[in-house]
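First up is the structure itself, then whatever we jot down about it.
Letters are used for the chains, namely A, B, C, D, E and F, taken in the order the chains are written, and counting of residues starts over at 1 for each.
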Amino acid sequence: MTDATRYPLPDLNTLPDDLKAKILEVQEKAGFVPNVFLALARRPAEWRAFFAYHDALMTPETAGRSSGLTKGEREMIVTATSAANHCLYCVVAHGAILRIYEKKPLVADQVAVNHRKADIPPRQRAMLDFAMKVCLASHEIDDADFEALAAHGFNDEDAWDIAAITAFFGLSNRMASFSGMMPNPEFYLMGRVPKQK
Amino acid sequence: MTDATRYPLPDLNTLPDDLKAKILEVQEKAGFVPNVFLALARRPAEWRAFFAYHDALMTPETAGRSSGLTKGEREMIVTATSAANHCLYCVVAHGAILRIYEKKPLVADQVAVNHRKADIPPRQRAMLDFAMKVCLASHEIDDADFEALAAHGFNDEDAWDIAAITAFFGLSNRMASFSGMMPNPEFYLMGRVPKQK
Amino acid sequence: MTDATRYPLPDLNTLPDDLKAKILEVQEKAGFVPNVFLALARRPAEWRAFFAYHDALMTPETAGRSSGLTKGEREMIVTATSAANHCLYCVVAHGAILRIYEKKPLVADQVAVNHRKADIPPRQRAMLDFAMKVCLASHEIDDADFEALAAHGFNDEDAWDIAAITAFFGLSNRMASFSGMMPNPEFYLMGRVPKQK
Amino acid sequence: MTDATRYPLPDLNTLPDDLKAKILEVQEKAGFVPNVFLALARRPAEWRAFFAYHDALMTPETAGRSSGLTKGEREMIVTATSAANHCLYCVVAHGAILRIYEKKPLVADQVAVNHRKADIPPRQRAMLDFAMKVCLASHEIDDADFEALAAHGFNDEDAWDIAAITAFFGLSNRMASFSGMMPNPEFYLMGRVPKQK
Amino acid sequence: MTDATRYPLPDLNTLPDDLKAKILEVQEKAGFVPNVFLALARRPAEWRAFFAYHDALMTPETAGRSSGLTKGEREMIVTATSAANHCLYCVVAHGAILRIYEKKPLVADQVAVNHRKADIPPRQRAMLDFAMKVCLASHEIDDADFEALAAHGFNDEDAWDIAAITAFFGLSNRMASFSGMMPNPEFYLMGRVPKQK
Amino acid sequence: MTDATRYPLPDLNTLPDDLKAKILEVQEKAGFVPNVFLALARRPAEWRAFFAYHDALMTPETAGRSSGLTKGEREMIVTATSAANHCLYCVVAHGAILRIYEKKPLVADQVAVNHRKADIPPRQRAMLDFAMKVCLASHEIDDADFEALAAHGFNDEDAWDIAAITAFFGLSNRMASFSGMMPNPEFYLMGRVPKQK
């Protein structure tokens, strides 16, 4: 395990204003600061690019683009990819968001352990099959893989979304694992307990 | 092979002004437009994030940061990573830049086929060993890997550089392979023939 | 995914008396019948051997034997092994028991994604390293592996426990995955929420 | 290689009466005591469960069940599984039994080296293909695998037999390899020389 | 990297006459002595067998045999095989010859990085798919692989050529890598620059 | 399985005189014609090179060279290599010769299943470790591997022998597997039964 003190989290007040503002906004919304926001902030230029890329893919509407994937489907790709890459931070953090978006408290654990056994429709199974091939053997992708997607209604823009999310979180997974980033304890339980009225 | 017409390159004149300006600048400098600039431009928000990330890592001085790695070493990591991911575009394009920066016409082919046999000093061998572990088994990185780097004078900031470049080009490799991006013919010969006076 | 109706769960009342008695006892204690008890019950002779083996390893005191591993450590081995084998049923069910025994709501997810990053002491890390080698490359186990265990106080009887639990759940994982066994929904949340007083 | 004296074989006379009785019965029939009977006997509760499971699968008639697999086919699965797991004890011991049951002196070596080249009918080839997938990638088993079996007349009960034998001997293989269990010299030649009249 | 002085190249004048004559002939034709001719010459009997085998496969007309593969196709198989085996000497040396025979300055780099993306016709893609299976999983070759070749006009003699070239250069690759054989600098640029008139 | 009639064995009388003479000599000595002699004879030029190479490595005294490896050790390398490549013909045929040369009826099966468990001295274990690395990852061989050999008295010429035998039989294995070559039944029993006086 990477020594936890190798890349200490910076103090929020030492960060550039734009990072600080965005982080406070996230804290306001989530109730805590997910560690990735602080861990990457030690290098502001990389931080800005990372989250700009993240937002372009995960909240395409902010970039004036619509996507054929739902928010939950995008998080499902992240969870499956992160499990394939054995990235603790991303499986736990994005598994939480997946549960919330899909309103399915069990789906994140299922996708993380074996997406083939998850309780998801064939469309999402095909989506994850494509993502896993991009994750593990992108050089073997060929037209047959696009056709398998098309059989479930995914067009080439959707394929780009799936591939790009998989590729981006492959980057994220490697950064988190190499640097010893640990998920905030809050993530583990999020979306597991139905809200009471 | 992915159908070459699946993601056609956009016409430069249809692109947003900032993309167009940067692309023309690259063309001015290189003499041609590397395909990655057009291939990713079909999604401007992703394009902007991609190249911002690229520049933060590959030209850190533009972000007001110095790096313990030389420009040639950074391209060496890209070439080795791209070969491990079997990415044709990136091996050819960045191999060319590697040859130019290192002023070694043979090094790119050596690193791409087997970095263990490349004619490079032990320091660069250790750098590539670390990069390959981040590329192929990031979840197994531990303190011993950092110590192996330190034995060659790489500190934790250098390790971050190596890991981040490897992770970023793992993203780039997957995008290029999945979308069928082909290297411009110009790259293949660059840096191979010593300039005559 | 294996067709869920291929191996339907038998009706409890059609089972032999000894199976029925044990299953009712488990139901009494757990509040529900874990699916493995019904899924394997369609073959009573195999059922009896499976649970006899399970009990000999997991509750050695019932066989008049003490073990150098704690109950929590035994479940930790099961969770890591089942994740390596991508067995949804066992990761979810035994991850739940692991959380309860260790009184650590986060440990099961950590061990399942990447035991090297789990918040566990070096002794348990060494235990899981040995288990993973038995799981994935048992033919390469040699004296050095036993010595690595001994450095953390595990003797040869403890090594046998680790290996046997890993081997037994490798069997269990294959049965669950091949037959499409799904974890009961109850398991997913168990041990995650601290009990209120 | 695991130190041969790490888990010494117990003296037969120190074993519980039921183990002793069964072992003497085996010795009477085989002419010698296969090492697995002594090696596992150091833990009587595990021994009893192991052989109960073994008998439930390998001699189903003793459990009042008939099987769609012949005795030779069951041993063929054991031999192929044990070779895939590189388990010396089980390849040698069960290869011997396979030769005897199938009355084919060459088949065990063929199945152990490459079952695709073995001189066996297509039905047994399909059986071993299914076994190998359970052995090596059980999480990827899906309906297509059952259909491939069905094309050769194997129903879902037969599939269960194949999977369970594969899974059980995966357990056996790991125990034998980890503990350094060596096959008795007698096994190597059994079934190779046609009996003379 | 293997110590470069472990197997020093012998002096040409110390070699047996037949080796010397052949090497001078090659030097006359190529303008330099490819290192493989000297590296293997330290063992003349092996040298003679190696080049006799090489010629039987690569210049079949010298053995009174015609081949369904062109000279360029044979070198294409060598380049792909050598890349799969990470053999620096053979990728560089035979990539050069491939460029010359095929009169395609880009094809060697393409085939070495990812033959699926190379700018080659479907027939050559099928040829390389077969070669890669012989290279990486020869025990899994079956009739379907021959049928895939036949669909592109390759008969069983052509299949033998593909397999034998792949197998022979697997031998060559291992010898070059193990002994630290380095490609002559001349090879890197050969066939890359179109000849001027 | 490759169709057995794809590459039929040629009639001995149709072969060139030198092949015929050598084959009759082998038949005289062995009592039968090992299939490899006929299977490869359909291409006389390749046949001659194959057996010249074979003899240069396996009977170096015929080439006026002595070797630091015994005849049995050379066959042990062949058996381990062929098992790693899942080559039925070579495991069975060379396993037979190994038993005879080493006068150890059990050693071939042990080496084929798991050389780490074979009843061989540490020197031969080190020899096979080196061979397995040449067989499976020749590009990763480095000075440490030669040093591990040297610790057991193997010099660089011995290392060459080990590597060359491994490489040559990797070629042989691929040819046998791809073409569906089957071992003669006579091999299976050779060297297993001690001769009676």
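A few points about this structure:
Definition applied: a residue touches a chain if its C-beta (ideal position, glycine included) is under 8 Å from a C-beta of that chain, and two chains touch if they have at least 3 such contacts.
Every value quoted in this text rests on a predicted model; they were computed, and no experiment measured them.
Listed here as common contacts of chain B and chain F: C, E. Homomeric contact chain D/chain F is classed as same-residue, with over half of its interface positions used by both copies. Seen from the C-alpha centroid of chain D, the farthest chain centroid is that of B. Its C-alpha atoms fitted onto chain E, chain C is found rotated by 180°, rounded in steps of 5.
Chain B and chain C have Cα centroids separated by 44 Å.
Per-chain Cα centroids separate chain A from chain C by 29 Å.
Separating the centre of chain A from that of chain F, both taken as means of CA atoms, is a distance of 52 Å.
Residue positions 1, 86-87, 114, 116-117, 139, 142, 177 of chain E are each in touch with at least two other chains. With chains as nodes and touching pairs as edges, the resulting graph is of another kind, matching none of line, ring, star or complete. Inter-chain contacts occur between A-B, A-C, A-D, A-E, B-C, B-E, B-F, C-D, C-F, D-E, D-F, E-F. Of all the residues in chain B, the ones that touch chain A in their complex are 1-3, 6-7, 43-46, 48-50, 52-53, 55-57, 60, 63-65, 85-87, 134-135, 138-139, 141-143, 146, 156, 159-160, 163-164, 166-168, 170-175, 177-179. Those residues of chain D that touch chain F in the shared complex are 1, 83, 86-88, 91-92, 105-106, 109-110, 112-114, 116-119, 125, 177, 180, 182, 185, 188-189, 192-193. Those residues of chain D whose C-beta lies close enough to touch chain A in the complex are 139-140, 142. Partner chain C is touched in their complex by these residues of chain F: 114, 116-117.
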